[in-house]
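First chain A sits with chain B, and in the next complex the same chain sits with chain C.
Right after this comes the complex of A and B.
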């Protein structure tokens, strides 16, 4: 089984978010980047397929050279090879078109993407690449097993779960549940040293143009000051909630 | 990232180590600080990750990497706020293991170095004695040759990993009349008959088991002698360069940690209607502290670079420890002040950091002794040569 894990290079969740260029670009200054958490769950599940079922695992990212450390980390965790499509990721459709070509060229049986990346939260790429490559698709996937060309996936639905039976080729939009946080792997020294010898192939983009433009990013309004009310002063609390906040 | 010394691979290692420490070590630190006992499982995990083998030959399971991996190892260990935990790890990996690697023969390396790299055996280095630490040549522990054994008598004190380690690297006089020419280095197992240890209570480094060790007619097979008989003193002196640089690096890293923490705190704490990082009196102090810390850091990196190339940097490593530990104590004292009363509270990191940092100008050669060495080198033109 040939697996491709799509890896998004995203700011660490503790990063301070700011914008530049008239609020149209994310300010990467001083920001630490990590593997998108949803993708990391997927990558860890892919490692399981590699170790238990002899799958080969490649990782792919659409992005500039600054994303290579993230791909190297995936190699250090255990992926066999990495591909970087050498273009800036603009919108979901453009990324999906680039990825679809990589998938077709590599004849992958299973593509594991994250349900969404935690930077722009588009959540469109997995579904689009399934469409563009004529593969089956399971989104919000929290469990995946593969037996030959048959797959059994569980997806999270509002308030419950749905078990789906399907076949390869398959694209999933994965998330926590594929593996748990405690299963995530920290690359050890051998992994880091081996990553040096593994291929990181740079592929030129296929010329797709982006049809959307960001006009403006906005942050939520800053939180107002906190008013502390003593637990002995419930009347004051009721008064504030009723007259000032007007919520009761 | 300082790209003069660190590559993308170093950076990947740093991130992995940070993630590992956060996940596997930090949740246990407060407990280990209280009990003074670092649980055994973490040694094994360090070994499994390959962290003890950074600087050691592949033949014994190491990775034989450049010294900047060690620099990262040391720096990150200083940033989880337990000088004691850090000491336990680096005293094993760089005090005990350095001697095993440099002076041990193949059999000794197979028996001790390989399991030290995997985290199955922990080591300690025993040089200091109750009668004197600075005057290394004046040590009183003896190793008398009897047939194909040596018999050790004497005592050592302030030994890091002195209680829970599995083996001891011990300096003793094989020829007490020959001054520093009469010293040799032995390796022995903890359970050898006649070895006993007592745990010491201390100001800081509370997670670390500092011990006093007694040798009462301890019979050691002659093949547990490491290197040549009588060469102990130059061996010790030779490794002091690395040891002192390690303590210099530790110092700049904990000062940096203190500053990063304090800056964060100062950006949130308000007084007189503004955050306290807006008060000029404090801002100028921060500027001075950062400058002093960065200068030490850059100097330490350059000494590490030269040591990595095989240069004998005794003078520079001595200066590194002298200056960086002084800087760290001043910076940490100042950062504690930035936190006001919270600096004094155990719930905030500066209190422990202040205690732990105080060992810097004492352990591994006091600042007074370091000044003596530097003075001899720069005034009397004394030249320290590597042991051959």
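Right after this comes the complex of A and C.
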């Protein structure tokens, strides 16, 4: 089984979010970038398929040279090879089209992407690559088993979960549950050394077209201070929620 | 040319978010000087949609569509969009709609903007305001394609009643054979789901153990709310994973979010920040959640919550 794990290079959750160039660009100054958490769960599940079922695992990112440390980290965790499509990611559809080309060229059986990236939160790339490559698709995937060309997956739905059967080629939008947080791996020194020898292939993009354009960013208005209510005066809290916030 | 809205139903009845996206579609139609067509799949009575601005309903009734399937449903909506010559398709942010929307975007060669929180700020160029960076910023995006898909963030637009009425016509699209077969669905039927809830009551490690969740459930029941929990609580197995809200759990965009005994780690706040009003109950006045909340009670949850339940019961009795 050939697995491709899509890796988004995203600001760490604790990053300060600021914008430059008249609020049109994300300010990367002083920002620590990491593997998108939803992708990391998928990468770790892919490592299980590699170790238990002999799968080969490549990782891919659409981005400039600055994203290579994130791909190297994925190699250090255990991926066999990395591919970087050399263009700055703009909208989800454009990224999905580049990934679809990589998938077709590499004949991957299983593509694992995160349900959404924690920067733009679009949640559209996994579904779009499934549509573009005509593969089966399971979103919000919290469990995945593959036996030959058959797959069993569990999808989180609103208010519960759903167990499905499908076949390869398959794309999943993964999240926590594929593996647990305690299963995530920190690269060890041997992994980091080996990652330096592993191939990181740079692919030039193939005809970039975008469907959407970010015009401007805006930060939410600063929040007012919390209104404290005494635990002995909860009538006041009920009153505030009813008359001021109008939520009950 | 009409705006097409996918109005989701469950067991034949419309979900609240269906009425919200219908209201949103009406706002878009007004901006563009056109009408609203809704597509329903195995819904019973569609007349309710007229109240929320829908002019025409395309009713699909087909037993092979009883179970949701993203690819098949996306294809049905695509056929409706093509029949209507639609330029804008509006969907919700339910798990199902977020699942099908990217497939629909590929099918219609449409640009798709998700997590949209307001009516378009401009109809031409078609510009929407979306959340980004896990609710730490907004992103104004133009959708540049001929056909556009807007995914509306739950509870962001609200319900807007209109005086119109909706005509209905049967629509019989072809149904694709799909490659993903549902074997079983495990869903709580008697509780409110986090995604559908207007109010969410959430509790953390401050509750000391799973045996103390009775009061959380009672508070939720008084408010008609969904119950949720912090990550440590689901990691400890005190509550099911499906209740975990936060960055790696379920996102919450409720009108009211009540956090009990949750300190407010940044990963937790990232997941719940889209909620409009936040109330925190915590013994520690230094808990970071107080900085993110609108209302706070510094006190012991075991004293505050039972008292709050009593006060809310009195309030509900008076306002029933």
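Convention: the second predicted complex is superposed on the first by the 224 of 248 C-alpha atoms of A that agree within 3 Å, B and C clash if a C-alpha of one lies under 4 Å from a C-alpha of the other, contacts with A are read in each partner's own complex, and residues count from 1 in each chain.
Definition applied: contacts are C-beta pairs under 8 Å (C-beta built on N, C-alpha and C of every residue); 3 or more make two chains touch, one makes a residue touch a chain.
No experiment lies behind these values; they were computed from the predicted model shown.
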Original post:
Regarding the shared-chain residue A:187, is it in contact with chain B (first), chain C (second), both, or neither?
Top reply: first
Original post:
chain B or chain C: which reaches more residues on chain A?
Top reply: C
**OP:** For A:62, select first, second, both or neither according to whether it touches chain B, chain C, the two together, or no partner.
**Re:** neither
Original post:
Is A:83 touching the first partner chain B, the second partner chain C, both, or neither of them?
Top reply: neither
**OP:** Kindly classify A:74 by the partners it touches after superposition: chain B alone (first), chain C alone (second), both, or neither?
**Re:** neither
Original post:
Is A:196 contacted by the first partner chain B, the second partner chain C, both or neither?
Top reply: first
**OP:** Could you say whether A:19 touches chain B, chain C, both of them, or neither, answering first, second, both or neither?
**Re:** second
**OP:** Once the two structures are superposed, pull the chain A residues common to the chain B and chain C interfaces.
**Re:** none
Original post:
If you look only at chain A, which of its residues touch chain B in the complex?
Top reply: 68-69, 72-73, 76, 186-190, 192-193, 195-196
Subject >> Interfacial residue positions of chain C with respect to chain A in the complex >> reply: 70-71, 94-96, 98-103, 105-107, 110-115, 127, 129, 131-145, 179-188, 191, 193-196, 198-199, 223, 235, 241-242, 244, 247-250, 255-256, 266-267, 270, 276-277, 279-280, 290-300, 303-304, 307-308, 311-312, 315, 319
**OP:** Please give the residue numbers of chain A that touch chain C in the complex, ascending.
**Re:** 11, 13-14, 17, 19, 26, 37-38, 41, 91-93, 96, 118-128, 130-132, 136-140, 142, 152, 155-167, 175-177, 180-181, 210-220, 223-224, 226-231, 234-235, 237-238, 240-242, 245, 247-248
Original post:
Touching chain A in the complex: which residues of chain B?
Top reply: 8-9, 11-13, 15-16, 19-20, 23, 48-51, 53-54, 63
